Structures are given as C-alpha cells and as structure tokens.
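Both complexes below contain subunit A, partnered by subunit B and then by subunit C.
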Partner chain A sequence: MLFLIAKNDWRNIRADRTLWAIALLLTTTILYGVHNGASWVDFQKRTIQGALADEAERHAAIKQGIEDANAGRTSPPSWKDPRSPYAVGYRLGSRFATMPPAPLAALAVGQSDLLPYYFRVTVNSRDTMLGNDELENPVHLLSGRFDLAFVIIYLFPLVILAVSYNLISGDKEDGTLALTLSTPVSLPSLAMGKIAFRAAFVLTLGAVLSVAGALLSGIDLSAPGAAPRLLLWMGAVAAYSIFWFGLAVLINAMGRNSATNALALSGLWLVFVLLIPSLLNVGIKTAHPVPSRVEMIQAMRHASDAVTAERSRLMAEFLEDHPELAPAASADTNAQFAVRSVAMTEELERRIQPVLDEFDKRISRQQQLADQYRFLSPAILTQAALYDLAGTGVHRYKHFLNLAANYHQQWQAHIQPKMMQTVKLSTASIDELPRWHWQEEDTADVLGRAGTHTAALALTAAFVIAIGVLALRRFPVVG
Partner chain B sequence: MIRTVARKEMLEIIRDGRFRWSAAITLLLLCGALAMGWQHYRDVASQHEAARRDTRQQWLKQGEKNPHSAAHYGVYAFKPRMPLSLVDPGVDPYVGVAAWLEAHKQNEFKFKPAQDATALQRLGELTGATVLQLLLPLVIILLTFSAFASERELGTLRQLMSLGVSRSDLAWGKALGISGALAMLLLPATVIGVAGLALTAENGALAGSTPRLLLLFAGYLAYFAVFLGISLAVSAKASSARVALITLLGFWIFNGLLAPKAVTDLARSIHPTPSTLQFARDIEHDIENGMDGHNPADSRAEALKQELLRKYNVDSVNKLPIDFNGVRMQAGEEYGNQVFDRHYGALWATYDRQRRIHDLASILAPSLAIRSLSMGLAGTDFPQHAHFSQAAEQYRRLINREMNMDLAHHAKGKPVYMAKESLWQKIPDFHYEAPGLGWVVRNHTLSLVLLTVWCLAAALAASWMSRRMEVI
Partner chain C sequence: MLEALSLTKAYNGHTALNNLNLTVAAGEVFCLLGANGAGKTTTINLFLNFIPPTSGTAKVNGIDVASHPLESKRYLAYIPEQVMLYRNLTGIENLSYFTELAGCEKYSQAKLLDFLTAAGLQAEAADKRVGSYSKGMRQKVGIAIATARNAKALLLDEPTSGLDPKASNEFSELLKRLSGNGAAILMATHDLFRAKETGTRVGIMKHGNMVAHMKTEELGHADLERIYLEHMHD
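Right, the complex of A and B next:
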C-alpha cells in the first residue's frame, strides 16, 4: 500500500517543476559546499607541508652552520650561533606542532577557520604559543564558510519543508483527500507513504551527492576511522531530516490550509535553526562570562615584570634546587645568562598558569552548559555531531592543544639543561631534538560523542513523528 | 485616497494576531540585543581604558634600563570600542583585542573573542545588526506577501478597482500602511538604542556619533524599503498568496543566509589569503636577504658603516662621535618598516579586494550592501581595524626611533648605558583618533550606491507590477 501511495505521489510530483528545481538547488549547493571544504583542507595540508619544509630547511642550515663554524670558516655571534642550544632552542631549530585535517574534514569547515592548526614550539614560556592564529579576513570568519555542514543544517530542512508543507493540506484543498480516503487506506498510512517517498528522494539525493562529492574531492575512505565516521555522518543527517519531515506531518495534522502551514513551518525553522542557538549563545555568555583577554594580558605582564624584578633572588633559589646546574665560578656569562633565563621562564610559567587555568575553566563551563542545552534544538545537535565527525570541532582542537603542550614541555626539558651547561651542539645533536608526533583522537571517543548526539536526534525525530501520527487521527478530512 | 487605503491596511495589520506576535518577538529580540550590546560595550570600553592607562604606567615606571631593552619591553595597544558597536559589533569578535608593540616586529592583534566562545557563536549571534538585517525583513515579508495576492483571491481587488481606485494609489496606500505598522515596531527600538548611546555618552559619544547614527538609520530604512518594494511587487505578480510567500521566503534565505557564505568562499578562491606561516617567512626572508634578494642585512650594515665613516671622515667605528649600534639598529628598524609596509600592505590589499567582491555581490543580495555599510558606520569593519593597527604601528615606530636615537647620542663610550624615566616621558601617550564619517563613506561608496539602486529598483518594480497586475 505504502508503495502504491509513494508511486502515485511520484507521478504527481514529477509533473510539478518544484521537484526539479529542488534537485538542482541541492546538487549545486552540495557540490559547491564539498568543493569549498576540500579546497580548505588542501590549503591546510599545503601549509603543514610548508611548515615541515621550512623546518627541514632550517635544520639543514643549522647543520651546515655547525660544520662551517667548527671548521673556522665562520664565526657567528652567540645569538645566532647554530652550536648554541640557546639560539637553536629559541629560534633557529624550533619545530612545528601540527594538526593534520581529519579524514572527513572536507565535509565541515567548522571551527577550523578560527582555531589554529599549527604552533611553532620554542623554549619560550607556554603562553607565547597562544594567539598565533592563521591569517584570515575577519569578515570571512563572521560569515562562516559555505560547506556541506551548512547545507545540511540550514538548507536541508528548508528543502524538506518545501516538499512537504502541503503534504495533506494540498490534497485537501484539491479535493482529492476525501476521495483517496474513501478507498481502504487510513490517513496515517497515506501520510507515511507520502513522507516515505519524499524522504527517500531527498535523502538519497543528499547521500549520493555528498559521497560522490567527497570522493571526487579526494576523501580517502580507507583512512583509519573514515568509513565508520562517514556512516555515522549519514545517520545524523538522516535523523535530522526525519525530524523535519515529522514536523511537517505534525503541522499538517493540525488541519490548517497550506499557506498557514508554510508560515508555521518557516517560523519553526527560524526558531530551531536561528533563534534557539543565538539565544542559547547569549544565555551561556551571560551565565559564565569569560574574563577579558585584555585583563589576562595585563596580568601576564605584571607577572613578567615581577619575575624580571626578582631575577637575582629567583636564580639563587633555582640553584639551591638544582645545584648540579650551577655554572662554575669561572664559567662564561652565557651560562649565567642561560640559568637565569630558564629560572625566569619556569617562574613565569608558574605564575601565569592560574590565569590561563581560569580561562580554561570558564570556557569549559560554557562548553558544559552548551552540551547540556543542545537538546533544545536539533540544529545544535546536528552541528555538534557533524563538526565532531569531521574533526573540526572543539574536541579535536583541545586534544591538539594537550599534545602541543606536552611537546613543548618535552622540548624545554631537552634543551634547557644543554643551555645551562652551555653544551656546544653537534650535527648529531640536531637530529636528537625531540620530534613532533601527531596522534589522532581515539575513533571510539569520536563515535561515542557523535553517536550520542545522533541517538538524541533520532529520539526527537521519532517523538515528533509519533505525535504527528497521533494527531492525524483527529484530522478533519472534510470541512 | 491613499490615506484611506493606508489606514485600512494598517488597522488590518495591527488587528492581525500574527503581526502582534511577530512584532512583539522581534521588538523583544531587538531590545534585548541592544541592551546586551550596550552592556558589552560598556564593560569592554572600561576594561580597555583601564588597560591603556596601566600599560602607560608600566612604560613610565619600568625603571632604569638600556633604551633598547625598553624598546623590547614595549607597550600594548588595546583596540578601542566604538560606541555604535552596540548596534553592530561587526568583525570585532573576529579580530584580536591587543597587539604588542615591541622592537623589530610588527605584531598581529591577538586573542579573538570568538575563540573563547562555543561553536554556537557560528550558528548565529544575537546582535542589533542581525535582528535588523535578518529578522525585520522577514516581518516585512509576513506583513506584505498577501497585500495584493489575498485581495485577489478574496475577490475584493475587483471590487476596489470597480470603485475607480487607481492602482498606484492602492500600491502607495498599502506601502504606507505597512510602513506605519513597521514604525510602531521600530520607534521604540530606536528610542531605546539612542537612550543607550546617550547613557554611554560620558565623553560626548552621542554627539560624536550622531552623523554616523543618522546615516545608519537612513541605510536601514532604505534596506527595509527594498524588502517592502520587492514584497509588494511579488504580491502583485504572484498567482496566489502561497506562491508569493514561498517566492519571498526563498529570496529572504538567499539574501540573508546563502549569499554571505557563498561570497566568502568565492572571494577566498579569487583572492587567496596567505597562511600565517608563509606571511611570516616572507617577511623574515626580506629582512634577512633584502627585498630585492641581493641586499642582505650584513652588507646593509657594512654599507651604513662605510657611509658614516666617510661622513665623519674617520677610519674606525670607535672614532665616530655617535654610538654606531644605535644608528645601526635604527637603520634596521627602518628597513624592517619598509618590509612590513610592503607585506601588510599586500595583505590588506587582498582583504580589500575580497571586500570589493562582497560589495559587488550585493547586486544580487542587498543584505551584503547593508552589512558592509552598517559595520562601516558602526566603526567595526575591517578598514577601521586596519586604520587602528596602522596608528598603533606608527606609535611603535616612534618608540623605536626615540630609543635608538637616544642610544646613538648618549651611549657612546659607555660600557653600560642606562636611561631613566625622563626618556620614557619623552614618548607621548598613545592617543587614537578614529577616522571621520567622510573616510568611512568613501570606503563604502559602492555599497551605498548599490543599496540606493536596490531601493529605486524595488520601488519601480512595485509600481510597475501593481500597475500591470491581474485583478482576477
């Protein structure tokens, strides 16, 4: 029966030009979105390659410089002497910590245009890594990118509403509803048949185009975790779409005319996609305001002034804790200088840490609140799931920050003793500088988080459909 | 006649529950957004003012130091808040709040407020500008889509025509009636907005921003007129109220949601932005090897030395009457400044070309024109951020020049030279003068022209369509 209804509906809709217009709209927007995502991923990959090439070039130059200086061909000043751990650790030899785009990154630009994906790691205190973002026209950050996630979150619902706002009301206005219902078919199964056909059409089109676009743009499905992520992506999109179909059934079940349905559904779209997210954003910012970065800058500067003022005392204390690092009385000023700078960096990091921690704490509180209330709108749930699966959300960025912080510590721990003992670096010791290893987020974690969101979406969708079907029973077929 | 039509239209709208609801919600959101904007402006402005005073005191009280150490210590420039940012915060959340002005380097502004927000920020931020640019046009569409279409469906249009009402009178009357209903929504919001500005006006903010505010107001009125005209035209032309509504909603979505994002990616692909890595590498390379690639830093310093020796007619640096290091560092600064001007100039020119594409695209979507104009008048567009960065950079160069010149003139022959507060005092406090209205308008001529064109075209379309509309 469902099949018969769907088939009949197909004939009706095929005659209508709307369907073709919609198919064209979906095709263009999806392909444009995937193309944009892919070119952004490509840009990031090239930048990371550029960083690695830059690093390799510098390290080769350092080795050459060491050989030249050892052979007496050059005599560089101490601040750019490639044999000095100080010069190498602060500037010459610095390495990059990079976060490569995840396998599905081309599907959602997400927050990746706003948050940095590479840091230059030096012996300097950790806070100096902060704020070194990728260049971007701020107007572009304000608008956001036209990616597949945007098409799904904003446009998919509109397409769905456009094909289903007059699901039942249209038939009623044409006078065919009473006629159809005089045959042995119930209103709920008629509605479900019509929905099934439309959902199949929109979802198939969406899925085929997304996958085709993704493959064309060079997504590698054999990459670890790519296939299950893509499957869950499809699941989230399907659940989100079904929610909107359900809403269309529910509104149609109210028995108003088509124009009123269109108005009500666009109103709901506005509420779920635009109003709830922006009101929630405002609410969260008011409930847990993040302290001002301006105040943080000032606090850090006060700390650094204090450390500078107390440098002699700090150095004495530091040497009490690390007597083995004490330069001999006859040691050159470089050693004295190095010990003092390490002692100061250590103290500065210790004093700044509470300020940075306060920021992290407030931001995670905001995030917690956002997590708690994201169930208010399926659009927010979908955004969270899609960004997570694409690896362009805040979770993967945090993971990257943690890895980078560890690497920075490793770098300091490797270079600082050499600085204080004024070791002269050899070409072999350049190869021993700690290397950056990117470690992908655990796929199970990602799938777990995104799975929860998808499950919540599916539940909401099921709930809306159930209410819609119940309401259909009281539908005034005539009158 | 026009008055009668207008009165009837307005009365009908006001009695309509849908209008009351949508107007109440929009008004609430608009007032809420303005109140939030006001509070945020007040907080941030006072924080920045305090930080500005603080950084000045730090500079003055840095104690005895070598002038070059003082230049390395530097000061911070904190981006000031413009009063009208309470209406339209523009790119403010997406540019850094402060830049460190230190020796040798022009630094980017760091810490974008949006980085400290959740991903919700990217789904939409509730500001005065979003309500005015997105929601109000929607209210206008809801009020207007049925203006002619439903009268035609009900058959009252034929009656009206039979009474001898001219079509243009009818169109004008409807337009006026709808505008009247809209004014009931906009008036309270304007009063609240102006009151908010007046409350922050400790330092003449209101007086200073009045011309900007008036032009902003006129710009938004023109934008609303575009939607009113288009909605009337579509309502006159459409075969049914339903078709009119769907056509207009389609235009609204294209205008407010699709176009800004689609143009962003288009502008990026036509005029690509370099990566920070590439940008920094190019600057470093030019300073190290010379901008033409044949003038490395070492030989520039050597040439300077020879020039000074010739000038003072001596044979060694030690015999120079001035301290060579000070002169050398200043020459290095000046070469660096040329390199920064070239690269930042190129970067900002790229942003400007991208902005041009956004502005040109407003031929298709008027929202792009009003967005650009609104940010400009509120003082929150990129050109005004660049203007501030430029002023901060000039201040950095002033500090470095003073410090290096002091070294050149006083450090000669002293193994350890320390300067005192009297030198720090020589650097005037950093005072930023925001560009005037003329500068802003010149930057946004294109969007201003295109918005006017849209306005005229919409009025023409409305009168054309209503004159030729079918009555049955």
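Right, the complex of A and C next:
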C-alpha cells in the first residue's frame, strides 16, 4: 500500500519541473560544499607539510652547524650557537605540534578554519604557544564556510519543506484527496506513503552525491574509523531530515491551506535553524561572559613585566629552592643566563595560570550550557554530531590542545636541565629531541558522542511524526 | 447496500442533518433532492466517514462506517461533483492507481482500457494526461473506477451538474447499468428530470430533514416538479 502510494506519487511528481529544479539545486550545492571542504583540507595538509619540511630543514641545518662549529669552521655567537640548548630549545630546534585533518574533514569545515591546527613548540611559557583563543560557541559559527554540513543544516530543511509543505493540503485543494479517501486508505497511510517517496528521493540524492563528492575529493574510506563515521553521518542526516518531514506532516494535519502551511513551515525553519541557535548563543554569553581577550593579554603583560622587574629577587628565591642549580661563581654567563630564563619562565607560568584557569573555566561553563540546551534545536544537535564526526568540532580541538600541552611540557623537561647545565649539544642529541606524535581521538568516543546526538535527533523525529499522525485523525477532509 | 439509522449531524448547534432513516437496497437508485444546504452532501460525507456523525449510524453493506471506516470503504465507490484525478497521469494510470489502492486485482492494460471505453471514454483519450480532460471525460473515468472496483454501493454528489445533455444522458445509462449489476446507488442531484429517469426512488430534503420520499414509477415528470416546489415553499 505504502509502496503503491509512493510509486504513484513519484509518477505524478516527476512530471513536475519543481522536482528537477530541486534536484539540480541539491546537486550543485552538495558538490560545491564538498569541493569547498576538500580544498580547505588540502590547504591544511599542505600547510602542515610545509611546517614539517621547515622543521626538517632547520634540524639538518643545526646538525650541519654543530659539525661546522665542532670542527672550528665557524664560531657562532652563543645566542645562535646550534650546540647551545638555549638557542635550540627556544628557536632553532623548535618542533611543530600538528593536528592532521580527520578522514571526513572535507565534509564539514566547522570551526577548523578559525582554530589553529598547528603550534610551534618551544621552551617558552605555554601561553605564548597556545595563544588561548576563545573557543567560540559552535552555534555562533553557523555562518561559516559553505560546506556540506552547511548544505545539510540549512538547505536540506528548505528542500524538504519545498517538497512537502502541501503534502496533504495540496491533494485536498486538487480534489484528489476525496477520491483517494473513498478507497480503503487511511489518511496516515497516504501521508506516510507520500513522505516515503519524498524522503527516499531527497535522502538518496543527498547520500549518493555526498559519497560521490567525498570520494572524488579524495576521502579515504579505508582510513581507520572513516567508514563507521560516514555511516553515522548518514544516520544523523536521515534523522534530521525525518524531523523536517515530520514537521511538514504535523503542519499539514492542522488542515490549513497550502499557502498557510508554507508560511508556518518557513517560520519554524527560522525558529529552529536561526532563532534558537542565536538566542542560545546570546544567552550563554550573557550567563557566563568570557573576560575580554584584551584583558587577558594585559594580565599576561603585567605578569611578564613584574617578573622582569623582580628578576633578581626571583633568581635568589629560585636558587634557594634549587641550590643544586646554582652556577658556580666561575660559571660562564651563558649558564647564569639559562638558569635565570628557566626561573623566569617558571614564575611567569605560575603567575599567569590563574588568568588562564579563569578563562578556561568560563569557556567550559559556556560549553556545558551549550551542551545542555542543544536539545532545543535539531539544527544544533545535527551540527554537533556532524562536526564531531568530521573531527572539526570542539572535542577534537580540545584533544589536540591537551596533547600539545603535554608535548610542550615534555619539551621543557627535556631542554631545561640541559640549558642549566650548559650541556653542549651533539648531532645525536638533536635526534633525541622529543618528537611530536599525533594520536587520533578514540573512534569509539566520537561515535558515542555523535551517536547520542543522533539518537536524540531520531527520538525527536519519531515524536514529531507520531504527533503528526495522531493529528491527522482530526484532519478535515471536507470543508 | 446503504443504510442510515437515525443519522444526525450538527455543527455548533446548527443541525445539518436531522434523524435520517434511509435504506438503499441493491439495484436501487435513490435520488436525494433539495436546495443547497438541505443536507444532501452531508449525508454522502457521513457515508464516506469524511465527517463523524453527531448521533445515529451510517452502514455500508452492514458495516458501521464510523467504527470500521476502511472496511466499509471496500464496498464503496464515490463520484463527486468534480471527479478530480491526478492531472499528470493518464486516464489509464489514474484508473489503475485507484483500483489498486482499493485493493482490487491488478488489471491488465487491455482490461483497464475496456473499463474506460465501457464508461464512454474514447480509446485514444485513455493514454492522454487527465489535465487535458473535460469534466465529462473525468466523470467517465470516475464511473470506470466505480465499475472496475465492482462497488456494492455508489455515492454520487451532483455528478451530472455542468454536463451537457448528451453526456448527462450517457451518464444516466451507465448508472442504470451499474444498478442493474446489483449496486445500491445514492445520488444527490438538482436535476429533477434525471432523478425521474434514473432513480427508482426520490427523497426531498429540506433543512436537514427528509420531508418526502416516493417511488419514481408512480410519478410523472410534472408531478415530481410540483411536489418538489410545494416543499420548497416556506
């Protein structure tokens, strides 16, 4: 029965130009979106490659420099002596902490074009590396790049509403409803049959084009976790689409004419896709304002100035704490300089920590609030799920920050003792400098989070459809 | 067969149909006459379960339509004043869809064409889109649907209004054939002449009440008009 209705619907609607116009619109936007995402991923990959090439070049130059200096061919000043742990640790030997694009990154640019995806790690204090940009609320960034996620979150609902705003009202206005309902077919069956065809059309087109676009743009589905992520992506898109079809059924069930339905549905689109996300964003920022970035930079400068001003006292205190590091009176100025710099970095990090902590606390409160209220709009839920699956959302970025911070500590712990002991670095010790290892987020974690969001979406969709079907029972067939 | 038992429909205090008791047996053609708003269409909509009754029952083939709407519709065919079909489909496609929807056997193309030509549609029109059909042609597809569905009961709501006399006459002949095959037909109409010609019984409705009903064989054309007009005077 449903199949028969769906088939008839297809025969009837295919003669209509609207469907083909919509198909063309979807095709162009999806392919353009995927292309945009792919070129961004490409850019990121090239940037990271460039950084690594720079790093390799520098390290080769350091080794060459060490050999030259040892052989007496050159005598570099201490601040750029490749044998000095100070020069290597601060500048010459710095390595990059990089976050490569996740397998599905081309599908959603997300926030990845706003957040750094590589850091230059030196022995300097952590704040100089992380920059500590404000983690923007994801909702606020909806007006980001034109990527596939944008097409799905914004345009898919419009396409769905365009093909289903007159699902039942259109039949009533055309007069075919009365004839259909004079046969043993219930209104819910009719609605579901018509939805089935439209959903199959829109979703198949969307899925085929997305996958085709993804493969064309070089996504490797054999990469670890790529296939299950893509499957869940499809699931989230399907649930989100069904939510909108459900809304169309619900509004049709009210028994108003097609024009009113169209107006009501566009209104709901505005509410769910634009209004709730923006209000939520404003609400969250009002509830937990993040101190201005200028304020934070000021605080850091003050701390830095204070540390410089008090360096003699700090130095004395530091040596009281670490008498074993006290350079002998005869020690060269380099050693004294190194110890002082370590002491000052340590003090600076200690003083800045409360500012950073406060900042992090506010951000995480905002994030918490956003997590709590994202259930208000399926658009936000979908976005959270899609960004997470593409690895361009907040979670993977935080994961990267943590890894980078650890790496920075590792770097400091490796270099600082050498600095203070004024060890002369050999070519072998350059190879021993801590290396950056990117460790991908646990796929199970990602699937768990995105799965929860998808489940919530599916529940919402099922709920809306159920209410719609119930409301159809009161639909005025005549009058 | 069709049966109304104390069938009543009221909208916000206004009684559209008051305590209608009516039986249309197999082979009968019952014509409902009356001014606009007399309750004819309400009666038909109640039999189709398009509106719920305020009280009383409407039965099709002994099945209460309000409690078993889908089952009752298996025996029912409906021809509204305007048979509106899917404009983008051909006559044959429409016929095929509506009969399959009704749960009938899947007819062959030749058989479907037979139904259409038997209903008076020209064979060459059957493959054309319904969007280009005249009202008469669409009514014929409606008849073909009713025939193909082999309906036991037929509800018609002013099916001949706006048809030219020849088309109207052809329509009446088709109805006679259907009732000859044992269908119970309930038809709302303004056409007294057609009612006398095709109907076996007529009922005159006024303000939701059936004020008179009689057998047509006992009446002349003039009698029917006289009785009708008498009842229309307030």
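We take it that the second predicted complex is superposed on the first by the 466 of 479 C-alpha atoms of A that agree within 3 Å, B and C clash if a C-alpha of one lies under 4 Å from a C-alpha of the other, contacts with A are read in each partner's own complex, and residues count from 1 in each chain.
Please note the rule applied: a residue touches a chain if its C-beta (ideal position, glycine included) is under 8 Å from a C-beta of that chain, and two chains touch if they have at least 3 such contacts.
Remember, it's a predicted structure, so these values are computed and weren't measured experimentally.
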| item | value |
| --- | --- |
| First (subunit B), second (subunit C), both or neither touched by A:Leu148 | neither |
| Which of subunit B and subunit C A:Ile66 touches, first, second, both or neither | neither |
| Touching partner for A:Ala303 - first (subunit B), second (subunit C), both, neither | neither |
| Contacts of A:Ala404 with subunit B and subunit C, given as first, second, both or neither | neither |
| First, second, both or neither for A:Leu279, with subunit B first and subunit C second | first |
| Contacts of A:Val290 with subunit B and subunit C, given as first, second, both or neither | first |
| First, second, both or neither for A:Gly110, with subunit B first and subunit C second | first |
| Subunit B residues within the subunit A interface of the complex | 18, 29, 32, 36, 43-44, 47-48, 51, 54-55, 58, 62, 76, 78, 90-91, 93-98, 108, 110-126, 130, 134, 138, 142, 241-242, 245-246, 249, 253, 257-258, 260-265, 267-269, 272-279, 281, 347, 350-351, 354-355, 358, 381-382, 385 |
| Interfacial residue positions of subunit C with respect to subunit A in the complex | 45, 48, 50-51, 69-71, 73-74, 76-78, 80, 82-89, 93, 97-98, 100-103, 129, 142, 145, 149, 155 |
| Residues of subunit A touching subunit C in the complex | 1, 4-5, 8, 11-13, 15-16, 174-176, 178-186, 477-479 |
| Residue ranges of subunit A in contact with subunit B within the complex | 29, 32, 36, 39, 43, 47, 50-51, 54, 110-111, 114-115, 118, 130-146, 150, 153-155, 158, 162, 258-259, 262-263, 266, 270, 273-275, 277-282, 284-286, 290, 292-298, 301, 305, 359, 363, 366-367, 370, 379-380, 383-384, 387, 393-394 |
